[in-house]
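Below, subunit A partners subunit B and then partners subunit C, in two separate complexes.
Up next, the complex of A and B:
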C-alpha cells in the first residue's frame, strides 16, 4: 500500500509536470495576447494599460471590411470543403476495401503534409495567364485569349484554401463514419427505410461530431489565412491573417494582439459549443480506448 | 447491376478527381526548377547548384535541420507522457482538449501569441523559441498518433507484469514500449515533417534565424521567386515525400510483424 502511494506520487510528478509546462505554453501565450490587446502602443513598443483603442481601430476602420470578408470566405469555403470531404470520407468508410483503407487515407494525407505555401505558389503558376490551364484552353480554342479571373480572384483564393485544408478534414469525418454501429443501419433497413432516408436519419446525425470538428478546423484555418490570400488573391485581397501581419509590419503589437484574440475567441466559442454538443470520448473512443 | 457499376465508376472517378487536384500543385516547382537563364549556361542542374553558393540559404538549411531534429525528439516524448496521463487519470477530456487546441488556432495568432509570450518573459529569439513553436504545432498530431497505438495495446499485459513483480518503469520499458515503439517512431517522423513544412508561426518568432521555409517566404515577399527557389521547393517536396515513404514503411512493418 505504501509503495503504491509512492508510485502514484511519482507518476503524478513524471506525467504531471511536463503536461503542466506544455499546457502553460499553450494557454499562457493566448492569455498574454488577450492582455496585450488592451495595452497602449508607444513608439515602437507598448506599455501596460487597459484601453479599448486596438479594438476600436479594428472594428471601427476599414479593417471591419476585412473581418466581414474573412467571415464570409471562411464560412463559404468551409461549406465547399465539407461538400468534398464528406463524400470522400463516406466512400473511404463504406466503399473502399478494409485492407485498402489505410492506403487510400494515406494518399489523401500526403499532399496535406507538403508545405501549403509551396502548394499555393504552384497554384499561382498553374492559374497564371501563361500557365498550363490557360494555354490548354486557348489551344483548344475554348477561349480566344487567356482568362483573367483564374488568378488574383475569389476563384483562386477558394481553390487555394480548399486544397490547402480540405485533406485534413477527411480524417475526423472518416473517424466518425467508421465508428457507426452497423446494427443501426441494419435496423433502419429492416424497418423498410430506403437508403437515402437511412443516410439522412441515421448516418448523417451520427457522423456530426466528426463533421463539426472538421468544420471548426476548416473555418479557423481559412479565417486566419495569410499566404493563400496574399499569393492568390492579389494586392488588396486581405483576410484576417493579413490584417494581423500588416499590424505587425507597422509594429502595432496591441492591434495585432487584438485581432488575434478576436480570431482565437471565435474559435473558443465554437470549440465550447462542440464540447457541449458532443462527447469527445464518443468521437475519439476508438483512439482513446475505453476510458 | 448496371446501375451499381455506374455508381462505382462515379465514386472512384470522384476520388480520382479530388486526388488530381491535391497532387497537381506538386508538379510546377519541379518543372520550373529546370527553367530560367542559368540552365542555358550552367547545365540542367544549374538552379540546384546555385543553392550551394548561397551562404544565407545554407545557414537556413542548418537551422531547419537542427530545429527539425529538436521537434522530432521533444514532441513525441511530450505526446507519450500526455498519452500515458490520459490513460492513468480519469480526466481524459481536459488533457485531450488542451493538447489539441493548437490545431484550432490560426497559425498567425499562435505565432503572435508565442512571440509576445517570449518577449514579455524576456526570452530572446533563438533556435529554442523556434523549436518551441514548432513543438506546440506538431504536438496534436504526434499525440493522436501515439494515442492510436496505445489504444491497440492491451493493458492486461501490464497487469500481468505487475503481478509478476515488475515495477512500473520496468513494465513500461520491457512490456509496453516494445509494442508501441512503432507509434513513437511514427510520431517522430510526423513531427519532423510538420517542422519542415511550418512557415507562418516560425516567421513571427524567428528573430534573425531563417529556416528554409521562412527564407523562401521572405524572399517571395521581398523580391519574388527565382528559379533556384523552385529548385529548393522541389527538394523540400521530395524530402517530405521521402519521409512519408519512411512513415508508410514503419507502419507496414509494424503491421506485418503482428
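Up next, the complex of A and C:
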C-alpha cells in the first residue's frame, strides 16, 4: 500500500513536471494567442474584448488567398515529399545492411549541418539565370537561353521545401517500416501473394502510422514556411507565415493572432486525425524501443 | 518587489548589475575596490548601420565610459516588441533606427524627449536646421508634436539601381515599369519605399492624382497598388527582395537589371567588380534619416542620463560622422568634410575625398528633393492590407 502510494507520487512528479512545463510554455501561449485574436486593436496596442474583426479581416481580404495557397502548397509538397521519402525509407529498412543503417541515416541528416537559410540562399545562386544549372544547360545546347522558371517560381519553392523537410520525413517512415514483423511478410509469401500485393496489403498499412507522422512533419513545416517563399518564391510569393509577419509589422497583434490561431487549429485537426486513425502508442513504442 | 526594494534604497537595476558584475570580476582578479571605479557602460541598440567598425575609443577616452553595442531589428514591430516585451526599455539606453517612428514610440511612452541644449554638436549642425527643422517634412524623422526625440545620425536619398551595360542610362522611376525590362525588375518588399516611389512616379508623370505620396488616402493607395498589380500580372517584376544580401546578389548575378533598392547595395556590387549605377531620377528621391532615440527608462539615474547624452553628442560629432560616412556611404553631419581633411592621421587623403564626395552627393539629392519616406503613414493599416493584395495577386 505504502509502496504503491510512493509509486503514485513518483509517477505524479515524473509525469506532472513535463506536463506542467508543456502547459506553461506550449498550451498557455496558444490559449493566449487565441484570446488575443478576439481582442480589439486600439491605436498601437490592443484591449481585451470579444470581437470577430480580425477573423473578418483575415477571411474577407487578400489573406484568404494566402491561406488557400499555403494549404495547397503544404498539401502538395507533403505529397511529393512522401513519394520521395517512402521509397528511400523502404530501401534503408529493407536493403541496407543493419550495420550500415546508422551511417546511411546520418547521411540524410548531414545537410542540416549547414544553416537552413544559407542552404536556401545557395539554391537561389544555383538556380539563377547565371547560375551553374542554367550555364550547363546553355553550354550543352539543351536550351538556347537561361530558363527563367528555375528560380522565383513554384518549381523553386517546391524544390526548397522538399530539400528542407523531406529528409526529416524519412526517419518516422523508416521507424515504422523497420518495426514491421517479418512473420507477417513471410505469412503473406507463404499464402502465395506476389511481392507487390504483400506490400500493398501488409507493408503499407502497417507503416501508415509512420507515414502519417511524416506527413504531419512535412505539412506543419511547409504550412508555416517563411524563408523559402521569401527567397525562392519570386514576386511576393506569400505563404501564411509571411502574412503573420506582415500583420505584426503594423502592430496588428489581434490579426496576427487570428491568422496564427487558424493555422494552429488546422494543424490540431491533423493531429487529432492521426490520434483517431492510428494507435499512437504503437508508433511511440517503437521510438522508445518497445514493440 | 525587487524594484521596490531597489527604489527604496535609491538604487537602480543597472547599478546593482554593474556592481555585481564588478564585484565578481574584482573577486576573480583579486583586485581592490579602487580598480572597480571604472566608467559606466552605455548600451546602444542599432540596426547595423551605426557601428564605427567597433572603434569607440574616442568616446571611451573622452568620457571613461564603454559602449555596449547590441543589434536590433528596424521593422516597427521589432522595435516596439524589443522595447516592450524584450526588456529593451531597461536594457537599452539608445536605439539607433530609421527615424519617423516617433508616433508609436511616444504614444507607448518608449522614448525620451530630447533636451538639445545638452548636445554641444546640435547647434552647429546646420543639416538639422536645413532639412529637419520644425514645419518641414524632415521634422517627422526626429520630432513629434512640438518636441524633439531623435538625434539625426544619417541622412540619405534613395532611388533605384541599374546595370548600365544592359539598360543604358536611366533617369526615371518609369524604368521600373518599362516593358523593355520585363522580367528583369525587382522591388523592395516595403510599401513605404517601393510603394512611395511608385506614388512619386505616378504623381510626377501625371498618371494619377496623388496629393502627397508620403501620406496617401486609401483611394490613392489603391490606385498605386492597382498599377503595381497590373505590372506584376504582366510579368514585369522578377522578385520582391527582402534582405540586403539577396538584393546585392540580384545585381551581381544579373538576375535583374533595374532594382528599387538602397545605395549601399550599389557600393557593395561595385566593390565586387560589377558595373552598377544608382540613378538620379528626374522625379526626385525618397528622402529619409536615421534617428538615435533615448529609451525611456524610468529607473535611469541622472548620471546614466548624462552618459547617454554624451554618447548621443559623440554620434553627432565629426569623427563618428566621417567614419560612418566612409563605412556606409551615407551623409552624416556637416562637420565631417573639414574634419576628415584636417586629420590626416585619422583619415587618408583618399578617405577624406570620399567623405566629401558622399556628403556632396547626398546634399545634391536633398537639393533636388522628392518625397520624404513615411514609416508610419496615417492609413498604415490600409497600406499593409493593400501591399498584401499586391503581393498575393
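In the analysis below, the second predicted complex is superposed on the first by the 264 of 291 C-alpha atoms of A that agree within 3 Å, B and C clash if a C-alpha of one lies under 4 Å from a C-alpha of the other, contacts with A are read in each partner's own complex, and residues count from 1 in each chain.
One rule holds for everything that comes next: a residue touches a chain if its C-beta (ideal position, glycine included) is under 8 Å from a C-beta of that chain, and two chains touch if they have at least 3 such contacts.
On a predicted model such as this, the values are computed, not experimentally measured, just so you know.
*Asks:* Overlay done on subunit A, so just call it for subunit B and subunit C: clash or fit.
*Replies:* Clash: subunit B and subunit C overlap once superposed on subunit A.
*Asks:* Does the superposition put A:27 against subunit B (first), subunit C (second), both, or neither?
*Replies:* A:27 sits against subunit B, while subunit C stays out of touch.
*Asks:* Between subunit B and subunit C, whom does A:43 touch in the aligned arrangement: first, second, both, or neither?
*Replies:* In the superposition, A:43 contacts subunit C only.
*Asks:* Touching A:234, do we find subunit B (first), subunit C (second), both, or neither?
*Replies:* The answer is second: A:234 touches subunit C but not subunit B.
*Asks:* Between subunit B and subunit C, whom does A:195 touch in the aligned arrangement: first, second, both, or neither?
*Replies:* Neither partner.
*Asks:* In the overlay, answer first, second, both or neither for which of subunit B and subunit C A:267 touches.
*Replies:* A:267 contacts subunit B only, not subunit C.
*Asks:* Looking at A:220, would you say it contacts subunit B, subunit C, both, or neither? Reply first, second, both or neither.
*Replies:* The first partner, subunit B, only.
*Asks:* Please tell me which partner, subunit B or subunit C, touches more residues of subunit A.
*Replies:* In the superposed model, B touches more residues of subunit A.
*Asks:* Looking at A:248 after the superposition, I want to know if it touches subunit B, subunit C, both of them or none. Which is it: first, second, both, neither?
*Replies:* Both partners, subunit B and subunit C.
*Asks:* Which partner does A:18 contact after superposing on A: first (subunit B), second (subunit C), both, neither?
*Replies:* Only subunit B; A:18 stays clear of subunit C.
*Asks:* Would you sort A:125 into first (subunit B), second (subunit C), both or neither based on which partner it touches?
*Replies:* both
*Asks:* Between 167-175, 221-229, 239-247 or 311-319, which run of subunit C pushes into subunit B after the superposition?
*Replies:* Stretch clashing with the third chain: 239-247.
*Asks:* On subunit A, which stretch or stretches are contacted by subunit B in one complex as well as by subunit C in the other?
*Replies:* Common to the two interfaces on subunit A: residues 121, 125, 230-231, 248.
*Asks:* If you look only at subunit A, which of its residues touch subunit C in the complex?
*Replies:* It comes out as residues 43-45, 57, 61-63, 65-66, 69, 121, 124-125, 128-131, 148, 151-152, 230-231, 233-236, 238, 242-243, 246-252.
*Asks:* Contact residues on subunit A for subunit B in the complex?
*Replies:* Checking each residue of subunit A against subunit B gives 7, 10-11, 14-16, 18-19, 22-23, 25-30, 32-33, 36, 84, 87-88, 91, 95, 102, 104, 106-108, 110-123, 125-126, 163, 167, 216-217, 220-221, 223-227, 230-231, 240-241, 244-245, 248, 253, 256-257, 260-261, 263-264, 267, 271, 275, 280-281, 284, 286-289, 291.
*Asks:* Taking the touch rule as given, give the residues of subunit B at its contact with subunit A in the complex, in rising order.
*Replies:* It comes out as residues 8, 11, 14-15, 18-19, 21-29, 32, 77-78, 81-82, 84-88, 90, 92-93, 95-99, 101-110, 112-114, 116-117, 120, 132, 136, 139, 144, 147-148, 150-151, 167-168, 193-194, 196-200, 204, 213, 216-217, 220-221, 225, 233, 236-237, 240-241, 244, 248, 251.
*Asks:* Contact residues on subunit C for subunit A in the complex?
*Replies:* 75-77, 80-81, 103-104, 107-108, 183, 189, 232, 237-240, 242, 245-246, 249, 253-255, 380-381, 383-385, 387-393
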